[in-house]
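Some structures to go through are shown next.
Each of the next two complexes has chain A plus one other chain: chain B in the first, chain C in the second.
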Partner chain A sequence: MVATPGIMIWIGLCAAVLVVLCTSILLGTILYLRVSNQRRAARRELHVGRWRPLFTEALLEYPTSMPELTAEEAVEVLPLWVYFNEFVAGDARVNLAQAGRLCGIDLHAKEALRHGSVRQRLMAIQAIGHLHDRDLRRSLRPLTRSTNPYISLAAAHALLRINPREALPLILPLIASRADWSPARVLALLREAGADVVTQPLVETIQRAEVAFQPLLMLYLEAAERRAAVQVIKEILLATDDQQVITTGIYQLGHLAHPDGLYVVRNHLDHPNWRVQLHAITAVGRLGTYKDVAMLAGKLASERYWVRYRAAQAIAKLPSVSSQALVALQGAQVDRFARDILAQVIDEMGLEAIAA
Partner chain B sequence: MSFVSTIGPVEWFFLLYFVVVNGFYLLLNYLAVFRVFRHLEETSLERFHVSYTGLEPPISLLVPAYNEEETIVTSVYSLLQLEYPEHEVVVINDGSTDRTLDALIEEFDLEPAPEVYRRQLHSETVHQIYHSRDHPALRVIDKDNGGKADALNAGINNSRYPLFCSIDADSFLERQSLKRVVLPFIEDSTTVAVGGTVRIANGCQVRDGHVIRVGLPSRMLPLFQIVEYLRAFLFGRLGWAQIGSLLVISGAFGLFRRDAVVDAGGYDRETVGEDMELTVRLHHQLRESGRPYKITFVPEPICWTEVPRDLKTLAAQRMRWQRGLTETLFRHRGMFFNRRAGVVGWLGLPFMLFGECLAPIVEVAGYLYMVVGWYLGYVSPTVMLLFLVVAIGLGTLLSLMGLLLEELSFKVYSRSKEVLVLFAAAMLENFGYRQLIAVFRLVASLQWLFGVRGRWGDMRRSAPWRSANAEPAAVED
Partner chain C sequence: MASNTSGPAGVESGPNPLVLLAEDDVNMRYVLQYLLAREGYQVEPHADGEQIITRVSTGPPPALVVVDVMMPFVGGIEVVKSIRATRGWESVPVIVLSGKSSEEDMVAAFRAGANDYVTKPFRPRELIARVGALIASSASSAVSPDASTRVA
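For the complex of A and B:
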């Protein structure tokens, strides 16, 4: 079919012009972004160049006066001040907080919290956490329930920094229910709060938690005092038949490596679930004694490679098990798989010793 | 005569095809914007946080090597130096006919180890497993040649950690790549695979297997591929991941849960597109079983790779990709519009078939039809103009969108001149390069149709940065 001119030509031309126009707009936008990025970088350099020496000076001596921070400077200087705070402690931190208050970091943080972008709000929350400001703290509480996981977690972190004892009852229920909070970051902030503060409320939260939340909460026991952590895991293991809870509990007992957990992990060496067995074997390897060799040797002929391998490793790690004893154990095995896996582990041990 | 009646059905088909496919890609880029901004917000506090949390699972890095005598030692050193709490490097010497194994034995003081080889996945015969006296985290598997998929299966069999990462021998990683790419596994326990962004190393300055300065190649072919990577592989995949339908985790870099891959049967040794096939099979099996799972993508630059500098290598690579795509779609045809296949079966795979697999056929036929028709006079100049607008104009817009997104997010290319060069490349690649790629892919489709056996082909690399006495060197472009 042969096309006719008229409207067709116009449509073709319009489409072509539209594409050229869009292309030009995109080029213009790209260039604009490039230029504005360069300007921003130059501004950052200027402001950071001015304020870095002032903050460095404040680290050494309690400041009595500071220049006023302008709104334009605040965008770049707020992250700089937060960054300084992350690496200091003691008097230097007190001095830095005072410097922040004197130059008006608190006011700019408050402003950013109200009208800033997500990134600026995150930075403002961090700043408030470092300022330990009781008035500003009130504005953080509702933010812990924000649907944005980064905002809510940052708010929780800041509150913990300001007053961990007061913040934990508010935050622990959230830790159990917020599936969108990064477990890695939660653990980091609990560790920062300190085992002496975290242990009791965390243990109580785990005891009260629904079974579905217990495995995740048990992982956070790394931030608690070990004896109390082991105790609560033992209680939970006695009361549950949930496979996920048992697997995590046994894994965590091995990880915490507290002697109080030994009896429990020994009892799980013959658990019907091979993953539980695996963690129990690893845990016995960390906590056990020479008496456990016989029990672990029984696992060397398991049909599961990982059970055999971890059992051989666990035996090798037990106190008073020499390489001669391992070789003798290997010779005594009637099962080929057991002999092979012990040979592999003996070889690995030799290599590790040489490397060390 | 109305506007509609002046265009014949064939012309309509070609015009609509390009509008729909390019329009969909524009939509994916749009979705990618949200993902990128969320990611940037998420990482804005990263520098204030503790580096490691103790929750990072250990990772096995699997490096299949076939005739990598010149490069393998530097590759292994750069992998051993990665910043991560616990990782092992497993090199699989896939029956190399050069001195690959000897080079490893000499450099790392390897010795045969009485290690048990678990044959959970099928692979060619393993002759020996070596341990390094100097580096306990390094092991080398020496086996008969069986291809990349076979080598990876052998590596998985011998890996010790719950996550494994497959790495191409011609790729190298950012020092913090593992720390970044493992995050989705920590944040969501249902994650089974994570893809990493692969960037092009041609033109970059590299020392000890790590990029120290990003640059652009001066040759047009790698330059066009940079635009292509931005458009399709970075923001395209990010868009797919956003809607839960990421179908390819590049063989150059991907992190997988070992047990999920073993349950799925490992890499398929019969396809040349083993990376895509595995990703689709994971979707297939996990959807069939009804288990919740996540296959996702990390947008930050993780891995750098050298791309073909000559047409022959490029043709072989693209033909292999097209064949891999076709084989995968054919194998998993049962997923199409399957009620349990979700977004993968109802959107991802059908679009892959329509917009990717059939694209070379439609594109080449479209160009031929329009040009010949215009020459013979049965396609009017106006329809021809419209065709060029939707085929080339929209393609250009798509490439520029990729560039814009890059400028809004990672700004890997720091100099203004580089942005202008990329802009020019984004315009020019639509005049000849894309059509040429379509021809390569069409040939691959026809070969598959007529049963011609696919092969990997050889990659010609410059790799000056991998030589034993590596000074900072530019990857040849």
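For the complex of A and C:
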């Protein structure tokens, strides 16, 4: 079938109109987005420009009066107030909390918690934590069980800020079971709560925890008092044969670097699992003395490269082992692998020295 | 060249001493500028390490430098090294501000030539006191006979 010229012209015209229409809609949308973005930025500038000086002044002087924060301002000002709280400490934080209460941050946070987007709810949770608002803490408790890890962790953090002693019994069991919580963030908030508050409940939680949860919980002992942390790891190591628990325990003893852990890590140098040996060697390198050179030298001829390498590094790190002593030790080795690995570490040390 | 300097209003900047400030975060820079200006210091704010390094190589030394560790282009530690390597700036006191509190980070800053290390979150009054003490100590060592001989 052949189309007549009239139909062809109509089809062409319709296509041209369609293209012009689509282009206009696209340009209109781009224009609208640009204008609304600019308006939003201008509004933000206006609100931040009004409130930043007020919060800055409050850092040094306990405020007695503040203007009322409007709902429109709160969207931009709540994050600003939270941010101010993140980079100051001491009296400045007390003053900021008072400034927040006076201008009504608590009311806006409560509102955002009920009806806000996820971002606004996160800000509200953080604000409630910084306000140390005991009345609002009830609204945070159910949020610690939220399936959204950001919301639940933020709620846990806020509760710890408000009252760490009261919050820890609620939060520690969650820490063990929430695999979606960032371990670095959890450690940071436990550190912020303070070793004096965290140590006892954390130690008890580890002692009661199922074996599967003990390795993760042991990593958080960095936030506890070191002597108590080493003591509980020693107890667990004596009672378990779980390889993951042993590996983590030995790693953590080296990391905590408390002399009470030395005897235990020495005893694991000949552990049948080479990964445990690896952590024990590294730990002895951190905690050990010149007397450990002989034991570590025995590992230089291991069939596993990483065991040889960590042993050479550990010897080099021991106090009173000079570079001359290291060279002498290398010369005394009969095993070729032992000589090579020491030569490698000596070279690396030389390169580090040149770089420094 | 000093950047963006929509600094705090309503605080008189004193004629002296001059404090150079390098901080990339606009809110933090505003707060530091306010705190220092409130104490009567003349404050010259910069938004990144590159700007302050240019300033070090072209302008006269200030009474003190406050520098953030984490900045775009050039970090605070590099800025401190650059200050220490510049003639006439060797004895300018430098306070390093950092969110990192590990021993390693502090040692790196002091090795580079920092005189003080303040971790964030910081206490504003304490920072002001540290600035004052360093400027006073630097001024008194500059007038002592030993120091003047060294400068000469």
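The rule we apply is simple: the second predicted complex is superposed on the first by the 320 of 356 C-alpha atoms of A that agree within 3 Å, B and C clash if a C-alpha of one lies under 4 Å from a C-alpha of the other, contacts with A are read in each partner's own complex, and residues count from 1 in each chain.
The rule we apply is simple: a contact is a pair of C-beta atoms (placed from the backbone, for glycine too) under 8 Å apart; a residue touches a chain by one contact, two chains touch by 3 or more.
Everything numeric in this text was worked out from a predicted model, so none of it was measured.
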{"item": "Chain B versus chain C as contact partner of A:86, first or second or both or neither", "value": "both"}
{"item": "Residue contacts with chain A in the superposition, chain B compared against chain C", "value": "B"}
{"item": "Partner chain in contact with A:27 - chain B first, chain C second, else both or neither", "value": "first"}
{"item": "First (chain B), second (chain C), both or neither touched by A:60", "value": "second"}
{"item": "Which superposed partner A:182 touches (first chain B, second chain C, both, neither)", "value": "first"}
{"item": "Contacts of A:259 with chain B and chain C, given as first, second, both or neither", "value": "neither"}
{"item": "Contacts of A:122 with chain B and chain C, given as first, second, both or neither", "value": "first"}
{"item": "Footprint overlap on chain A, comparing chain B with chain C", "value": "83, 86"}
{"item": "Sites on chain B touched by chain A in the complex", "value": "1, 3, 6-8, 40-42, 44-45, 47-50, 53-56, 113-116, 118, 131-136, 183, 186-187, 377-380, 382-383, 385-386, 388-390, 393-394, 396-397, 400-401, 403-404, 407-408, 411, 416, 419, 423, 427"}
{"item": "Chain C - residues contacting chain A, complex", "value": "8-10, 27-28, 30-31, 34-35, 38, 120-126"}
{"item": "Touching residues (chain side chain A, partner chain C) in the complex", "value": "52-53, 56-57, 59-60, 80, 83-84, 86-93"}
{"item": "Residue ranges of chain A touching chain B (in the complex, touch as defined)", "value": "1-5, 7-9, 11-13, 15-16, 18-20, 22-23, 26-27, 29-31, 33-34, 37-38, 82-83, 86, 118-119, 122-123, 126, 150, 154, 182-185, 187-188, 191, 219, 222, 305, 309, 337, 340-341, 343-344, 347-348, 351-352, 354-355"}
